[in-house]
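Each chain gets a letter, A, B, C, D, E and F, in the order it is written, and its residues are counted from 1.
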């Protein structure tokens, strides 16, 4: 067999990751899983293989996901109407039933099954399992749309300790153990803060935070909390980016060391962001 | 305070349980949860308190459930039609989506939330989590209605070891990790066999197996495998009882020491069956 | 089998205990064993079954006992004379030999044997084993009648950790490792304080502390330290009750959360006091 | 300080023990404690320091003792009469009470206290604790004088595991948990066999087995089972030596690797027999 | 930041390794370290980074090395003469001193220091440490040149268990604990066999086993034991390759699953051989 | 066998050690090994048997050694010249190679082999293994002669925990992981301080610190830090003793409880110093 130059490079990439692996080993990385990574099976498997590799090098990954499109589809199927108040979904009791079903019964299990198929070991959780997420309604107007009051992360630690990847959907219990609909970015940030995660990675469909919304090459490589707050205040962030920036700020304030916003549909963006010098998205710290 | 006779008796009951607790400690009891225990909140809480007490005296409970009525309701809501073939539900792809949502997303989480509310610690699982249940379709005609080929019970042991009650809904993965709809009695029996359970308890809405279908007082206290097979062959068991008897026989052949069929709606039937001399239902061993 | 109402109630009692078991699990309860529970075999077995059940639900019981009647009987048999000084037994050297034999060689082993017979696992200890109780004589006049200076509870923790019930008789060593005769209520209180027990239960032959000595129904349900001290000062407590109240006060001051004085001869009084809302005796906290 | 020759030799002795310590580490040595070692405080402390040193070099010692003289003394004190049948003590019910008191309440605790005083950690056990020794009466004529049917050595292992020296007196329970009077040599041999001891050491008041009863220098250094049986058959062994030889034979047949009969009153005979090449008594293997 | 195609590929390589990592995790890989990897610092660091990465993904690496050139250099420096008998080094006593110094004192510590510098944790061992390698002289003519009789691998397991990479130089002890000079390929094979290694990797300066000695591109990708034996018998293998093939055969016969002969000077050859489909050298199994 | 008086005394010595063993158990003793104990095989084996015995009674020994004579011999053999600057060895690069070889490759392995031969389990370490000793050159003039900046003792704890005696030679790494030549007394003191040793024992060829250099019987039994500093300042200590006193002072200031200077060539001086009341050398505390 002749050793050609590309072969050579493959090993080099493995070696490049070495100092990062040495530094991050034994730490927890919370990945907010979303966007095209939930819709496109190829992207999903790409991200999942990245997550399994993280685990194999000694990092403890936790996936957190929502599922807006899945929810919308089932709301329509059962003949309910999507209602929005001040840009937030109004979750009446009937909608809450569908939200929980779509998240805990569909999206969550699809993600778990994909990890199992790729050779990993995963268990799907709702925030209601083992009282992981306890919350309360945001306001009467928003119905069962809730905010988080308390995170009990011990079940995540128990599962990580037995080599299992927890996959959490963004449903919480209120104090009466009735379900609440939680924003998934918020849930991921709260979990990352409570478990003392090294990193929170938010998968999006853009190349991180863009300096210019219309130029997908205008990724801002590093962003401070101050800059992020100015972007929100100055309305320079697009709609979907605002809750992500807010979640990122909250996680950093809770002690998470870095938050990464990356494009899940870029192949191996998760590994590249964590294990190479350049990274491929926006890092906040 | 005056000590009246009834007070006296209360403690006596606790004492009666003593030899059973000593004998069963450290063992696993699989409870197939179903019937009115899923529909009536009072019955549900009664059974759940029994399950938590089992755990507190050192027994490891595992709950397995299906959810026919919940499924039927959602099939209707999304405008699908219920199809049956030879008495078994035909699960086409569209129906499978609803089955999984109703079981893993609704019934499972409601049961978990109720255990948490009662002060227990529970985690809901589908048979797809950690490849717990691997199966294949029974026949082409039945679509995604499946049978079990393999049980990987390690995740149940992991959860029991950290003081958590696993709650399993009867959905499996096929080898391609696509979902299958499994009969819950069958799933419970397979899990009980695979984990080497001491007991499998099947909750029903009758007082165990009746000698005379029309007399709810005609409970058969003890039933052998032979007698059960004769009841099935002789069509002396009513419709819903046949899969239960078959599951019971399968579990006993897999090494489960005893199978109990009891009426979940009788208060504390679970504790009474396991911890008192008389029991309240039918015991097969 | 027909399910009759009383059956129903039996399970209910088990369920009533649930929140108490959840709260008390993993904690230590020291039971000062005495009175008719040492003389009447039926009462002894009743109390022992209660103690074993405590252990089975995850509570760590420790029994402490004296044995005045046994001592008196052997003193008479060997031809010694019982001497009392200010209401306390004078223990000369010859008497001390008999005291230690009667307690460590008779009463202690009888109690251990009864626990073994009931299916529990017990080991009998004197306060001299593993230097559990180190003391000194109270005064020259009282001879070997002693008070406790130091408790080394590690052997109790070692035995609890291997599922064994320690049964301790109230003999201590002085610094020269010679035996001392200790009041059993005092020994139980000192052990409860040193081990950080949740509860100290003092078994008596009355229904707890009585408001009116002549009315066995006049149990005082709750008693504060202040009230107990006033009872002692006002001589409203009968003779045998005074050292119990003093031991109770000492234990509470050492951090024991509650002291219960109950009638050991009332069937299941131990379980009822610990696991039901009403209780059957006097609780001090 | 000048280093004189005798100083030199002290260390040398420590070094001589090295290969024996290396070989015996982690193993159990059962010492039948008796004779002058129970009566003479100086001898007692000498033996005890030897036992503690065994433990410090990683050997697990277990002491087993009877107490004939102590029993005889108390039988006389309470006005009972010593009865013998075919050379064995007849233990009627009244005598059994005194036997148990004298052994479990006096001799046992004295030995424990002496170990504690020497800086060791000991717990006294009767064969009734944790069902260590279960037996039955030998014959109706002998009353409560019993033989051993079963040994449950787990409590000995539990105590050794926490650095504690078990001290066992030769009282057993029958199946009804009533006490039995057991020969201490027999008890020690049964325990050594059940726990898989490396060695059983029988302390006597002679220099091991003598070739000539009248010459205390005529120690037989090594003795086979056959030779011991011939000594018994040929009545060449003196009275007290016969049960010792029988116990030794039983222990060897149960798998104990060596039995040593040594003179407890010779200073450090226990250490010398175990840790030096010559030994000071009779070794059977 | 713009995501260019090469970035994309880097992550892909990481992903390619995934199934291999999943399969090999927890297993031991013995690497015979030699040739230019010992002489050229760049090659040395390349191989070491590969070894550390193996460890980080859960594989337990063990390095074994000799050091012919280092030895020759010091033999010359101290004025000794290199002697060879039948192609094997004759190791007289004076030479043995130099061999041990050069291997255990120079080559071994240089390799350990390089691993520490790269962020790994290594401990250098000689086969004399903890009796790892026990051997005897091959023949009188060869002096202290030895063969291996026994491997005691427990120290390797102890070090792996605390996250440390053992680095072993090929010196053994004879039964008198005097040093022996061992062929490093032989030592690596013996260790791999004794520890039940998954793989033995022999680093050489050629691209594995060549079909045509003069064409470095003629690597034989797969080689059976039979084929290897024929190459040796048919003298088709070059001089330095014969002991490697013999070591490979011995390791396979001892149960090692695969032996890899690869060119250490090809960048990342170790990772590529273990973690990619193609591999870069010769695999024997 | 006749028991003669000297036999008696042997056991007594074992008993004398008892209270010391009880007090020192589980603690670490660092022994600076040097002088005739490295040159004379009989002395070496005597000290080693002492060290193994320490380990068998539950003390954790760590040996640290240099090897001046061995170094001088090899420097001469390779034709280098020994250079000294202000009484300290000048270690140029060429000399450093020889120093490391002589220490890590010869003296260290000889000591390890001797321990193995005596039945112990030892592993030889350089200060470069696992970054145990990190230092820097003392001055440009002294070349690679270094001082210690940091001690990473975890590898010593890892080895002690698996019953292995670490044998450390006094070579360190600088931050670039190049070797440094360290004074062995200094290395031993630094290790003793970093690991929180109970004792540091410095083996010399004199009977501890002498009051009168010319009288080997003039051992100073106890020496305070102040007295030692006055001896150094007043030049009353001979040349070789000064670095030992300085190391002793440093260890005491780092929290080591006692430093002992003893004559390694006096048989069993190590055991006698640690385990007997008199001791044989100088104790500083």
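Brief remarks on what is shown
Note that in this section contacts are C-beta pairs under 8 Å (C-beta built on N, C-alpha and C of every residue); 3 or more make two chains touch, one makes a residue touch a chain.
Everything quoted here is computed from the prediction, not taken from an experiment.
Contact with chain B and chain E alike is made by A. Averaged C-alpha coordinates put the centre of chain B at 44 Å from the centre of chain C.
In whole angstrom, the spacing between the mean C-alpha positions of chain A and chain D is 69. If you average the CA atoms of chain E and of chain F, the two centres end up 35 Å from each other. Residues of chain E in contact with at least two other chains: none.
Arrangement of the chains shown, judged by which pairs touch: one closed cycle in which each chain has exactly two touching partners. With the ring opened at chain D and read toward chain F, the chains come in the order D, F, E, A, B, C.
Against chain F, in their complex, chain E makes its touches with residues 74, 77-79, 97, 100-106, 108-109, 112-114, 116-117, 121-126, 128-131, 155, 158-159, 162, 164, 171, 173, 176-179. The touching residues of chain F, when paired with chain D in their complex, are 1-3, 7-19, 21-22, 25, 46, 49-50, 52-53, 56-58, 118-119, 207-208, 217, 219, 221, 263, 266-269, 271-272, 275-276, 278-281.
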